[in-house]
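The next part holds the structures, each set out as structure tokens.
One chain, chain A, links the two complexes that follow: it is found with chain B in the first and with chain C in the second.
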Partner chain A sequence: MATSDVKSQGAAELAMGQSPARKNAGLVGQYLTLGLLSLLVLGPIGLTVIQALSPPFRYVSAGRPLHPVEVSWQDRTWFSGGPLSLVVRTLIVFALLAWLQKVASGGGWKDKAYLVPSRIVAIVGGTVALALVMNPLFQSFFKADGNTAVLYAAAVVAVAATQVWAYLSPARSPITSVVMALFTGFGLISFCIVTMGPTVWTLAWTRYDLGPAMGRSFVMTICVTVLQVSTAIMAAYAFVFLRFPFKRILFALFMATLLLPLEVTLVGNVATIRQLDWTDTMKALVLPFGAAALGTFLIRQGFRGLPTEIQDATRLDGYGHVAFLTRFAVPLTRPVIAAFTVISALSAWNQYLWPRSITESNSFNTLQIQLRLAAASEVPNANQAIAAALVAAVPVVLLLIAFQRQIIRGLTAGAVK
Partner chain B sequence: MTPSPAPAARRPVRRALVGLTAVGLLGLAACGAPPTTTGSGSGRNAEGSEAKIDPKDCPISALDEAKGPVKVNLWFSGLVDPALGVLQDMAKRYNASQDKVVVTTNNQGNAYQEGLAKYRGASATPAQLPQIQYLEDTMLGELVDKGQVLPAEACMEADGFDPTQITPAARAAYSVDDVLYPGYMNVSTPILYYNKVHFQKAGLDPDNPPKTLKEIEETSKKLKAAGVSKKPFSFKADQWFISTWLSGVGEKMVNNNNGRTKPASEATFDSDAAKEVFGDLQRMDEEGLLNAFPVTDGSIDHYLALINEDSSMVVETSTASGTIAAALGGELANGTGGVKIDTSALDGKKIVPGSAEYPGLQSAGQIYASGGAFYIMNTSSPAQQAASWDFLKFMWKPENATIWHTQGGYLPALKSIVKSPEVTKFQETELDGKLLTPAVNQLATADPDNSGPLIGPYESFQDILQGALEKVLFNGADVDKSLASAQADATALLKDYNGS
Partner chain C sequence: MSVTDATALPDGAPVVDAPTTSRRRGTYDAKEVGLALLFLVPSLAVFAVFFYLPFARLLSWGTYESVRGGASYNQVGIDQYREVLGGHEFRIGLWHSLQFVLWTVPFGLVLGTLLAVAAHRRLKGIKVFQAIFSSTLASSVAVSSVIFFFLFNPAVGFFRVSWQSSPRWAIFAAALPAIWQNLGLSFVIVLAGLQAVPDEVMEAARLDGYGAWRRLTRITLPLIAPVLMFLLVILVIYGFQAFAQIDIITKGGPGGASETLVFKIFKQTQDYGKGAVLSVGLFCVTLVVTFIQFAILDRRVHYGDE
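For the complex of A and B:
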């Protein structure tokens, strides 16, 4: 072994008594463990996707339970399905490739390290190549002409070819780069086939009217979340920074509402809504959830963590309550508020019992009601219900990805104090 | 960090004050006027009523006088495709056929219970009730007792629709004090489905399935001995089958002629016949002949047992024909289409579905009419009540009643269509039509005097009977004790419901 090598990279490991072989073995072990763990987490989702693809009885009759025995493929190309969906799917692939290049460059979005010719070629070229190779592939799946495997491999190679140049930097060997490119190609092509190829997704979407239901769920979720977060912030502010009689007892009463789950008050609340003649209205969906004790509690804890000196200083500077709240208290407790926003949005989105109790007209159903109706619609087509559930999960998954940092911060907020 | 707390000495006083205020508020809230359950009609009289229907109860002329289109809102539950699609299509075609009435259909849930729960919630605010409700046959008692249903027989009489053209067993099952309540019925009955291939393999006649529960046991023994299926009789432990076995031979589940002459006040199902049924099932279970599954929402395990070939027979509702055809018919794709299967075609196949009349306690086909029914609510305006009947009358047209049978899978509720060319063609050319045939025949010949029980609190009654069945099948409980304690519980329930 050359001395320069030892100095440049081996020194540290040798000093720690680790041979390169042991280090590699350790790495392999780590990756294997991580791979197994991710399989444990992602496996069920994969199985669900497989279940969604073909009708249940055909599995059983064919005696091959976990293999899609009969997937009905769409007669489509990359460019079919209307301009909106074309733009959306192209943008998704574009964003995925851009994200991969950002990761491969080792920098963040702000470093703009992905803005070099090789990476731009990978992003744009990859998108174009994918859009072109998908057409024969979709057709081959639809016609079941027997060339699918060959076309699949060719498509993977074509997309991979656009990525190799970009993966060469920073300082990767050609073999690593080719392997990475092939993985990228395989992953992207498979993703596009599974999400766009089978008819079951569009079928579930149209048959169970998921679009309008999802729209209503969105409106409801946004209204509930905005209301809950704003009332919780104001209530928490009052409980922490204002002085008024019976404060602690009032807070205890506030918290006591946590002990009353929805089911306890359901019958009475439904009767109230009926007497107000509010069935099938958005206000009936939103208003009963306008304030939440949990949010008040969480944000109060956040506010209590603010040093009193800040409030004193702002007072000296002549700030009133509103200015202190909006310019100091809220920005300083942003992680807690963001975490509560996500919790509140998720629970509003997933609500079933309340909307089911106060909607009568099917044209006012929320997404979860539609899913429930789909769930037992027809036994031989039970896979459509699974497909509908997966489609309905997409916005939640996107929300989780977008807010994962806040969620984790929120969960650990106050853990170390 | 928090502002300093209030002085300790004052706190208990404050707490007491706030506590008192809270209690006071609760008290005030409790004094608020409770919602009232009122309809223009009245429930059944505990003494039994002699009141006959009056055509004037049904304001059919109000529709002619109505200005502008009359809106009819229909709530349904417990309907799945393809029947769900048939109802929606029926409303669409009706709306297109005339311009006085607009019917909208709104699904209130997958299970009949969800629809009933929705009705219970809305019954206190009659103005928000729909004009038509589709609910299960078992809910007839509660609906009549709540007094918000317009007996459709009044409309039939006022409109010159002869109720005797309705299949007698269906009419009897849905009548209270000889008055037919629903405006249209989707009738279903339980039947036996079986795998002809297994019968063939075990040396049994594939076209001669068991006719009684005892014969099921004997056949199961032969099938198990021949090694063609592990647990030959797949059984969803639903009390409906028990109720059918008992009522089918004239046994009464409750007193007062199964609650039909007067409201039931006592449960009477702890009979020798019930002990025999429970005992037979338990013995079959212990001998490994019964493949019992608990009832859960949307469960398909009892079908899967047939597909996996663990079992050879199952009793299920006739409406399941479509599911059975789709599930078991998959193996018949090459040429036969599943219809007119001769014995030679059985060789080399795994599953060939067949069906037969419900194996009763004494003979085949001892059933009563079940299913779901459309009720006109008396809480809406006269024009809406008339419009509701007009829509249901549309469904009684022979061509539409036929569609309910051939596409929706429900049994013919009109006597005239049982032998009609369309129905005969359906039975001869479609697999589900063929499977439905025994159900059609047994309904046509069923004894109208052996209708199922009519009980106000049917849901809780079902739970009690269901509990006894599950204890016997899944916990190995003693049959006599389980039935006796279930009967005591059911009697207490009826007394409580009747307020005595």
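For the complex of A and C:
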């Protein structure tokens, strides 16, 4: 073919014009740019982790108004901080080890070859070994008797020992396996010291009542999402598949609510909630977001994309509207509904202005409002407020990892056709 | 089966009751209308109680002036609208909101495009960088505000600068977390736009001897211009609605120097009269922004078959 000839010719010319050295330099430059940009994105988080792990400040009468104080890390052990934090940190290490082993095996999660006995032993054994060796290591930090470095090396070797067998494979030399195991031990121990040693996370958790606040946020998010998605599906179905009078006017009424964001109706809605005596209640947090025009619009688009033959065929087969909705329309438009569900959940979780306006006692704060309280109340204990913010971000990070595709599809729904 | 076939059949023939498309226009099946009502009522109830009712009340409350901080209200008619919307407070609030928008939007557009162009290529491990660039999606406004409140706190911050307490820089200090948090969204949207550009176009440009910079400015940017417009609209709306950043970082201060329109409305949830007028003012601003949005999107997006 003529065009492909031209193309390959051009490509050949291009390849000749670029020496391998220049190509390599370009590659390095690209990675350098990407690395710098990553630093820009992750930098604030990194600095924040450092801040969270720094000692707190105290007011003093003389000299500078604030100065860092010494903290006793004596209570810093793997098993301290309550059962929840114990379970969480153990699970984090477990997941990290499982991921490392998956990468080392070169397979996917579903590969049968991944879960051989040696890897299971390495994952479980590594977690147990870490939990055991971290205690003396944490203790040695505040004793400062010069054994820390020795203990550190011993801990790395102990953890690495649990990993060697799992890294052995016909494709690798034994030395490479040992080096990989040592690197795993080194990385994991360092990770645990940085993130799990200090009790600042558990302190923040209890001091700012993050547990109950997170619970309220979860309940609110789930209620809002379920309500929004179900009302949107029903309304969209009515608009697409049912014949009724005033359809256009009703649809316009739906879409016109997009012109009335919460910020505009805030004063009126707060008055309504106060008149109903609903302040500090879950229904006040949930009901105003019970329906969403955006969701109705998106799902309506999804329903309209269904071939009419499907509806005609199912009608002839004797399916009623409800059966058609639940067995065909919803399953067939699952990508759209999933995308809207995730967007709806994210925005409900991130609600700020509304909960801030209708909660009057701090005992009914959602997580986001509790963070504000943490930031506003305690400048001297800034490290704990910062830790609280980082802890509060964890659920959404997990959500993002699990539903990355749906989230991105939902966010870009209007951008690209 | 076409529509004309069905209408030609006498009523009561079995075909009539099959596909909806074959029904005669103008007549409605009572059962169907009932079902539609059942399906629409939940949404309509929410919209009536929490969207249209408060808005109608705001319009009427705007004509009442509060006496002694909301103890009683005097009917003053349209005068209050004229006074508040033409007054200094509304104008300064709008200016502060606009400043917030002017800080966040250009940064969002430029940095989003930069990240997306950098990460839109075939390289080993590019997925990792794409995940990193979109990672700020995981942060909520409150989380990012607390993070930046302490990063740039004048007393205990990592960078001890006085932006948060300076009237001149307070809005910038509050805009910083928004700029950072918008990175993920901007990146994801621009990347989606870049991925929609056919590879052949870029290949052809390369063969024509276009360098990387000319490819970007002459081909890529014009092709993703609609996506950038979409992003612009979203960022402007986010900017005008920003509240948490102000509430957490500057609390409107120092001396009201960072009180945006939304913040002023939030402060007026006790004084219904003035709060109502400010809300109507914000509604007008939203209306203008939304109309621009529809004008842009309508020209470009083709919605289905209507």
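Here are some notes:
Convention: the second predicted complex is superposed on the first by the 294 of 417 C-alpha atoms of A that agree within 3 Å, B and C clash if a C-alpha of one lies under 4 Å from a C-alpha of the other, contacts with A are read in each partner's own complex, and residues count from 1 in each chain.
The criterion applied here is as follows: a contact is a pair of C-beta atoms (placed from the backbone, for glycine too) under 8 Å apart; a residue touches a chain by one contact, two chains touch by 3 or more.
Worth saying up front: this structure is predicted, and the values here are computed from it rather than measured.
In the superposition on chain A, contact is made by A:270 with both chain B and chain C. By the touch criterion defined above, A:90 reaches neither chain B nor chain C. In the superposed pair of complexes, A:249 makes contact with chain B only, with no contact to chain C.
Of the two partner chains, chain C is the only one touched by A:400; chain B is not.
In the superposition on chain A, contact of A:304 is made with both chain B and chain C.
Contact with both chain B and chain C is seen for A:375 once the two complexes are overlaid on the shared chain.
Of the two partner chains placed around the shared chain by superposition, chain B is the only one that A:362 touches, whereas chain C remains out of contact. Counting the residues of chain A that each partner touches, chain B and chain C differ, and the larger count belongs to C. Shared-chain residue A:314: touches no atom of chain B or chain C. Once the two complexes are overlaid on the shared chain, A:135 sits clear of chain B and of chain C alike.
Chain A uses residues 57, 243, 245, 250, 253, 267, 270-271, 304-305, 308, 356-357, 372, 375-376, 379-380, 382 to touch chain B in one structure and chain C in the other.
Chain B makes touch with chain A in their complex at residues 1-3, 5-6, 14-15, 18, 22, 35, 73, 75, 80-82, 84, 104-111, 114, 118, 121-122, 124-125, 127-128, 130, 297-298, 300, 303-304, 307-308, 323, 326-327, 330-331, 350-351.
Here chain A touches chain C in the complex through residues 6-7, 10, 14, 27, 30-31, 33-34, 37-38, 40-42, 44-45, 47-48, 50-51, 57, 65-66, 230-232, 234-235, 237-238, 241-245, 250, 253-254, 257-261, 263-272, 287-288, 290-291, 293, 296, 301, 304-305, 308, 311-312, 315-316, 321, 349-350, 352-353, 356-357, 367-369, 371-372, 374-376, 379-380, 382, 385-386, 388-390, 392-393, 396-397, 399-400, 404, 407-408, 411-412, 414-417, going by the rule given at the top. Remark: chain C residues 18-21, 23, 28-29, 32-33, 35-40, 42-47, 49-55, 57-58, 61, 111, 114-115, 118-119, 121, 123, 126, 129, 131-143, 145-151, 153, 155-156, 158, 180, 183-185, 188-189, 192-193, 195-196, 203, 206-207, 227, 230-231, 240-241, 243-244, 247-248, 251, 262, 265-266, 268-269, 272, 275-276, 278-280, 282-283, 286-287, 290, 297, 301-305 touch chain A in the complex. Residues of chain A that touch chain B in their complex: 56-58, 60-61, 240, 243, 245-250, 253, 267, 270-271, 274-275, 277, 279, 304-308, 356-357, 360-362, 372-373, 375-382.
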